[in-house]
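Starting off with a structure, shown below.
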Amino acid sequence: MGPWALDRVKAGEKTPLPATKVKTPLVELPLGATEDRICGTIDIEKALGQGIKAYEPGLLARANRGILYVDEVNLLDDGFVDVVLDAAAGGVNTVEREGISIRHPAKFIMIGSGNAAEGELRPQLLDRFGLSVDVRTMDDIKMRAAMVRDRMTYEADPLALCASVEAEQQQLRDKLDGATEALKNVQIPREVRLKISEMCSLLGVDGIRGDITTNRAAKALAALEGRPEVSLDDVKRVAGLCLNHRLRKDVLDVIDGGAKVALAWRRVTDPARAEREAKVAAEKAAAEVEKPKAGSWGGLPSAVPGGAPAAAPAKPGSWGGIPGR
Amino acid sequence: MGPWALDRVKAGEKTPLPATKVKTPLVELPLGATEDRICGTIDIEKALGQGIKAYEPGLLARANRGILYVDEVNLLDDGFVDVVLDAAAGGVNTVEREGISIRHPAKFIMIGSGNAAEGELRPQLLDRFGLSVDVRTMDDIKMRAAMVRDRMTYEADPLALCASVEAEQQQLRDKLDGATEALKNVQIPREVRLKISEMCSLLGVDGIRGDITTNRAAKALAALEGRPEVSLDDVKRVAGLCLNHRLRKDVLDVIDGGAKVALAWRRVTDPARAEREAKVAAEKAAAEVEKPKAGSWGGLPSAVPGGAPAAAPAKPGSWGGIPGR
Amino acid sequence: MGPWALDRVKAGEKTPLPATKVKTPLVELPLGATEDRICGTIDIEKALGQGIKAYEPGLLARANRGILYVDEVNLLDDGFVDVVLDAAAGGVNTVEREGISIRHPAKFIMIGSGNAAEGELRPQLLDRFGLSVDVRTMDDIKMRAAMVRDRMTYEADPLALCASVEAEQQQLRDKLDGATEALKNVQIPREVRLKISEMCSLLGVDGIRGDITTNRAAKALAALEGRPEVSLDDVKRVAGLCLNHRLRKDVLDVIDGGAKVALAWRRVTDPARAEREAKVAAEKAAAEVEKPKAGSWGGLPSAVPGGAPAAAPAKPGSWGGIPGR
Amino acid sequence: MGPWALDRVKAGEKTPLPATKVKTPLVELPLGATEDRICGTIDIEKALGQGIKAYEPGLLARANRGILYVDEVNLLDDGFVDVVLDAAAGGVNTVEREGISIRHPAKFIMIGSGNAAEGELRPQLLDRFGLSVDVRTMDDIKMRAAMVRDRMTYEADPLALCASVEAEQQQLRDKLDGATEALKNVQIPREVRLKISEMCSLLGVDGIRGDITTNRAAKALAALEGRPEVSLDDVKRVAGLCLNHRLRKDVLDVIDGGAKVALAWRRVTDPARAEREAKVAAEKAAAEVEKPKAGSWGGLPSAVPGGAPAAAPAKPGSWGGIPGR
Amino acid sequence: MGPWALDRVKAGEKTPLPATKVKTPLVELPLGATEDRICGTIDIEKALGQGIKAYEPGLLARANRGILYVDEVNLLDDGFVDVVLDAAAGGVNTVEREGISIRHPAKFIMIGSGNAAEGELRPQLLDRFGLSVDVRTMDDIKMRAAMVRDRMTYEADPLALCASVEAEQQQLRDKLDGATEALKNVQIPREVRLKISEMCSLLGVDGIRGDITTNRAAKALAALEGRPEVSLDDVKRVAGLCLNHRLRKDVLDVIDGGAKVALAWRRVTDPARAEREAKVAAEKAAAEVEKPKAGSWGGLPSAVPGGAPAAAPAKPGSWGGIPGR
Amino acid sequence: MGPWALDRVKAGEKTPLPATKVKTPLVELPLGATEDRICGTIDIEKALGQGIKAYEPGLLARANRGILYVDEVNLLDDGFVDVVLDAAAGGVNTVEREGISIRHPAKFIMIGSGNAAEGELRPQLLDRFGLSVDVRTMDDIKMRAAMVRDRMTYEADPLALCASVEAEQQQLRDKLDGATEALKNVQIPREVRLKISEMCSLLGVDGIRGDITTNRAAKALAALEGRPEVSLDDVKRVAGLCLNHRLRKDVLDVIDGGAKVALAWRRVTDPARAEREAKVAAEKAAAEVEKPKAGSWGGLPSAVPGGAPAAAPAKPGSWGGIPGR
């Protein structure tokens, strides 16, 4: 409940308050945005014309109850990321400047994207994102060619392409609506919650934001698949998304974040197997260091990428939904 | 007594002046705040509209007789920290700019938090904070899981959770009010004061701010626990909070601030035992250097953190109130 | 269709809408341009005079349906390049500042030139250019002398020179108009599209922008030469223009981008021959390292450049149109 | 005599002009002060309201015939220190900006304090301060405890503490007033002046500011103690205060400034003894280098600081008034 | 023909248009000039007073059909040099800012001077200057003394000195006017043009600006000396001025730019002799490296500079007009 | 003659124009001066009040026909030094900004002082100062003591001290006035001028500013001492002042600028003796390098500085007027 609605309830209005359905707003925060545009500011026109201080809402106000998308979030000023994350966390934006003091609801989901090679967020900010996904280029030639064809079809006639996938889209929307409804009744057993916290502690994650996010994501997955209770398997499937970006990177580390999370989970749920795997992983990693670096040009790899070496992960990270059981 | 009240007393008003009870203000100083917002400035509206220079109070004025909270205080401009600490120390804020010369009471408790890994305050500023607490992530899995459950309960129904802990909160408020009342009658014997100054001198603390703070904190602890006189044990329990952050860090130092303060206290109060302990500590520290660094990834620690190695301090610094006797 | 036309269609107007022919605009973006000039801003005169916020279009609006030329694009602020490329990609420019929120069509072809020795674009920006050409100074003395003569003739009487080449220019314009018309009917067989994606995957190009651009460029070449279907040879002739600038540079690499693209194409279309050539290229490159660097002054090369050493590429990169079969 | 008074005398007024007694102003120059606030500026209100250029005095004008205190003077912009020192030296502040040209008397004593570890003034500025004192933390535990007690007494009832020391304060004020009166009649014999200049020359002090300050300080000491003529002993007692900060620091120097001044004085007044002492000092200094550095943590010093090693100066620099004979 | 004249011709006016003789303007661009002053800007007075946007011409407009002189051109902002060179090359200055869009003729000769030791232009800018001259201090004592005498005579009576050289000046002006008239009829044979391009290609000059400038300069020299056709000797005499500054400097190069140009020309026109000379030059250069550097102080050179060592170039670079045959 | 006077003469007024005697202005350029204050700017009051652009003169205008003094000239922005030196050289200041274009006479003598240890001027600026003097602290104790006495006498009664030296001052003024009058009739023989240029050439001074200054200074000295013709001895006495600062410093140089100038002069006027001296100087310099550096603290020098070692120059550079014959 935002502060304005809360005021009305406190003032004695019957709940639920009358409601209006609006389209979920999708607001994009451009790279060069100023603090004024993000948080809102004084309306200059009114200030000059009528001599009053009127507040003019910013992007955070517009994104209320919707989605705020920030491309190249890693290139955005740390201070702005801070302001946006604060609002996203508290659901409220406070503007205090030049004698104005305003609080308005700013409850939104923030989505950021960026190329980590161009600069990283401070670890303290990165840690405040709930989930993270590592997106890479597909290696599968047929899928590439299909995407190229789709894109060229879209460019030739955008409306036709959209129409052809409408049914599939609607199905997805319905599934998400159902899951949102079901979420409030999903239970997460105490032993599952203890396993999550054990894993987070084992990984040395700072604070308990990782614990909370993993609990929530596991519940959301159960809801999406129509199950009333979170299982250990749900946790296993979401743990990487929730925790990978919370692990401090050590330059000498040969095991990447994803592998560490998986290993920690197995150690928590199946200690014996984990012990064996840790041994194997360490040996493989040591061997890896000897091999030539993939990025350097040492002649082209063999012509058929389908015959990719067994050691390399197939489709390394292209987002294909939450991994199945 | 603030300057305005003082003027009225000087003008002959009977004391005590009539008083009004207001809620203690809790003001947050945001990271991007300007000096204008902190100290107050000219009211532009009035300046343009009526041609007069009216003062518009800033955050320091609003925080008067309350609490000023600064998150990420270590990222705040040193100059601003200076201004805020000056006001906190003197209880008065002086604004002198563009022909305005105003002094107003600004008596508040300043609380700052921050991640020292992101940058430290100048030692000269750090030294002006009274007490410091080093907060770390809990290792206890059951407590983590309980906190996660509480947080999720809160998110589902904030008012219900608040109601469920109200009695406990009220009890704490009453205890604090009682201690505030009792504080003015708490005595601190001369030999205790001498021991405090001896410890501070031994630690090479600059100036006597450390001595004063330790005296005050020990008195507050006695008041909180309902005792009329400060004991040596009170000093022992607060010394770390008062002095840890006042010790200059030496990069080659293997003993941390807390251990130094404890050692100094024992040397002052029980020289023989201190001598023995110093020896042991030095040996243990030398051995520590040989061990692998905890943060580097050398396989996961054994699965049950409850079985933590004896040498490591249990719950390393999570704030659990003032240590008991 | 721009948003304004789309509104009219949605409002029920018959298609096609009435059309007016205007000259294709050619807009130059100067090096010192501000964001205001590029994107447009508030009309100050109207704002002050009439008290209203009127939008004053910028260079992007002027370039709509035309060409935007940016000299020394590598010296332009990365943020501006970003804004311009975003508009070029989406065909729409969004202006949001000081309470204005305007979207206008900005569909243009962007052409940038620059001297890479003076600074390079971020790889992420470079990758968003469709085609790239590497221009060098001609070595052919007769062509140089002819160009000098033409330039001096032009300076003496510009109009006369323009008149003398008008027929040739018109022929070129007609050919381009015809190809634009024919383009929509050019087909690109599935096996060609698969070969393109295989080559791009082999080269490790990030994302599928390279695939899309190569498809388009091959279709344009077929259209220009009046053929109804794209052949493998069309791809071979445009691959370098489309992909050279998308390859990450490795400082130790002795094979340049163009050679890599050609090698990758042959490996995809004629694996046996590619194998042999890769061997030869590597040997030649190794030998190259031993030779004295061309730029250092070690006496002048032999007097007749026409007798250039066989190893050096004749006319190394001067743009002479798309290479013939 | 300030320029305004001078004008009146020149205009024929009888001297002495009528005088008014005002309290000596004590003005503090805050760290963030701008040049406007220091020197004065145009009164904006009058400029906008009445269209005239009125001068609005700054801190230097307010400090006239009083004291200007600058905390953390070493962190102040060098340019501002320059302006303030120029005014202090000449007794006049000249403001020339935006068509204003004003000179007003600015005769004040400047007192600066700072922590040299945070940054030093340019030697050229340091050299323009008259006297310097090096303040350190007291080692005497009883004095520390007494100061803590006094401070806490003050905080409990400020007026009461001030009343309790009023008599002592008044005595000091009377003594200073008497000395000020007596100063004009104090004589300094030629042989004393020659010894001062000989010492300054021996120390390689730049310019003759050191000579002048030492002459003045010695006279002031004689006046304070009620003697009509400066003795060699007066010079000896003030030489360190006047000259320590004027010696260029050499990083390899093992003898500190104070010891050098004392040594130079003895060489000037008692060459034979100086010769012997120089030898001893050099030997002691060489030995010092071998000893462990005091600041490093090598276990705590022995528990009773009262038993401080004989070689170390007791109370190293805490200001206890001018050293007695 | 400037754009305004062109408009009139297009509008049907008879050519030649009526003409007015004005003195050739000589405009100096000061080092601290802003872009506003260089390119022109809005007339603020008119903007505020009459509410219209009037263009106020800058230095480029004032320099039209004249000379623009930039002292210390190497210290000028690269961006400004760019703007000025663009205008000089195109003869037109385009101003686009704050809603103004103006083009005006700006056809001028730009002359820049500077001390290369204080900083160099970017090679890309340097290359856009037509001719360059390297000016050094004269060694001839009699000429120095004569110049000193002339300067002192000028200072004593400027008008008298100017009068005494007026005839000589007028003769020079007449000669230049005649050459300007004759220039349009000077021919440059094809074989000469080919030799120029061969030389430029041999020297590795970027682009063909060097070729064009050498053609023009050789024609100007022929015109100045009253000959109707350019000879190979004309090219030889101007080649250094046209090409020296276009050669990339290699720090290890022992042969300076002038020598390279001369050598290249001889290789193009007399290959056999060039071969012999290259050998000698290389040997001399190698020997040079062994000799003590002239700038270091190793005692003064022998007293009579007239007896300068044979190896050193007499009058090394002082500008004495174009070298004779 | 300034431009305004010139206009009047050209307009036909009889010469000499009527003249008024004014006191020679002495203007000080403060360190923080802006370009506005130096060159003059628009009068804001008039601009706002009356809507006209009136020029408000700056410091250069005020210094016309007087002296401009710049303390710490080495800390002044290079650009400002440039502007001031340009005006000093040309006697005219040109102001071109915001539509104003004004030239006014600015004929003044510029005097700069500074501490070279705090930063040096660019060699190109240093070279434009006419004469330079190196000022050091006096070693003579009696003179120091006398100066201290005089200063303290002045502080006690400024007017009295000034009165006591008035006669001496007037004598000096009369001598200078006489010399100024005589200067125009002083002759400098051709052989003297040749010797000056020979010396400058020998020293490798850039340009002929050194030659001109030496000629002028020698004439001024002859005029001051009442002689009608410059002698070689006059040149010898002023050469150091004119040329020392024009010699490029070589860090390895053991002979300072003054010695070089003297040596060059003797080589020009007495080659045989110069040869012998150069040998001795080189040997002495080599020996010097072995000696301990004077600034390092290696015990105090022997007590009586009057007994200074013979090798050191007595009174090393304190300005005592032009050296006698």
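Each chain carries a letter (A, B, C, D, E and F) given by its place in the written order, and its residues are counted from 1.
We adopt the following convention: a residue touches a chain if its C-beta (ideal position, glycine included) is under 8 Å from a C-beta of that chain, and two chains touch if they have at least 3 such contacts.
Just so it is clear, the model here is predicted, and its values are computed rather than measured.
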Of all other chains, the one whose Cα centre sits farthest from chain A: F
Chain C-chain D separation of Cα centroids, rounded to whole Å: 71
Distance between the centres, which are taken as Cα means, of chain E and chain C, whole angstrom: 36
Computed distance of Cα centres, chain F from chain C, in Å: 61
Chain B, residues touching no fewer than two other chains: none
Contact graph of the chains (line, ring, star, complete, other): ring
Chains in cyclic order, anchored at chain C, direction fixed by chain E: C, E, F, D, B, A
Chain A residues touching chain C - in the complex, by the definition given at the top: 30-32, 37, 43-45, 48-49, 56, 115, 118, 137-139, 141-142, 144-145, 147-149, 151-152, 156, 295-297, 299-301, 303, 305
Chain C-touching residues of chain E, taken from the complex the two chains share: 35, 51, 53, 79, 82-83, 94, 96-99, 122, 124, 184, 190, 193-194, 196-198, 200-202, 204-208, 211-212, 215-216, 248, 250, 252-253, 255, 260, 263-264, 267-268, 271, 274, 278, 282
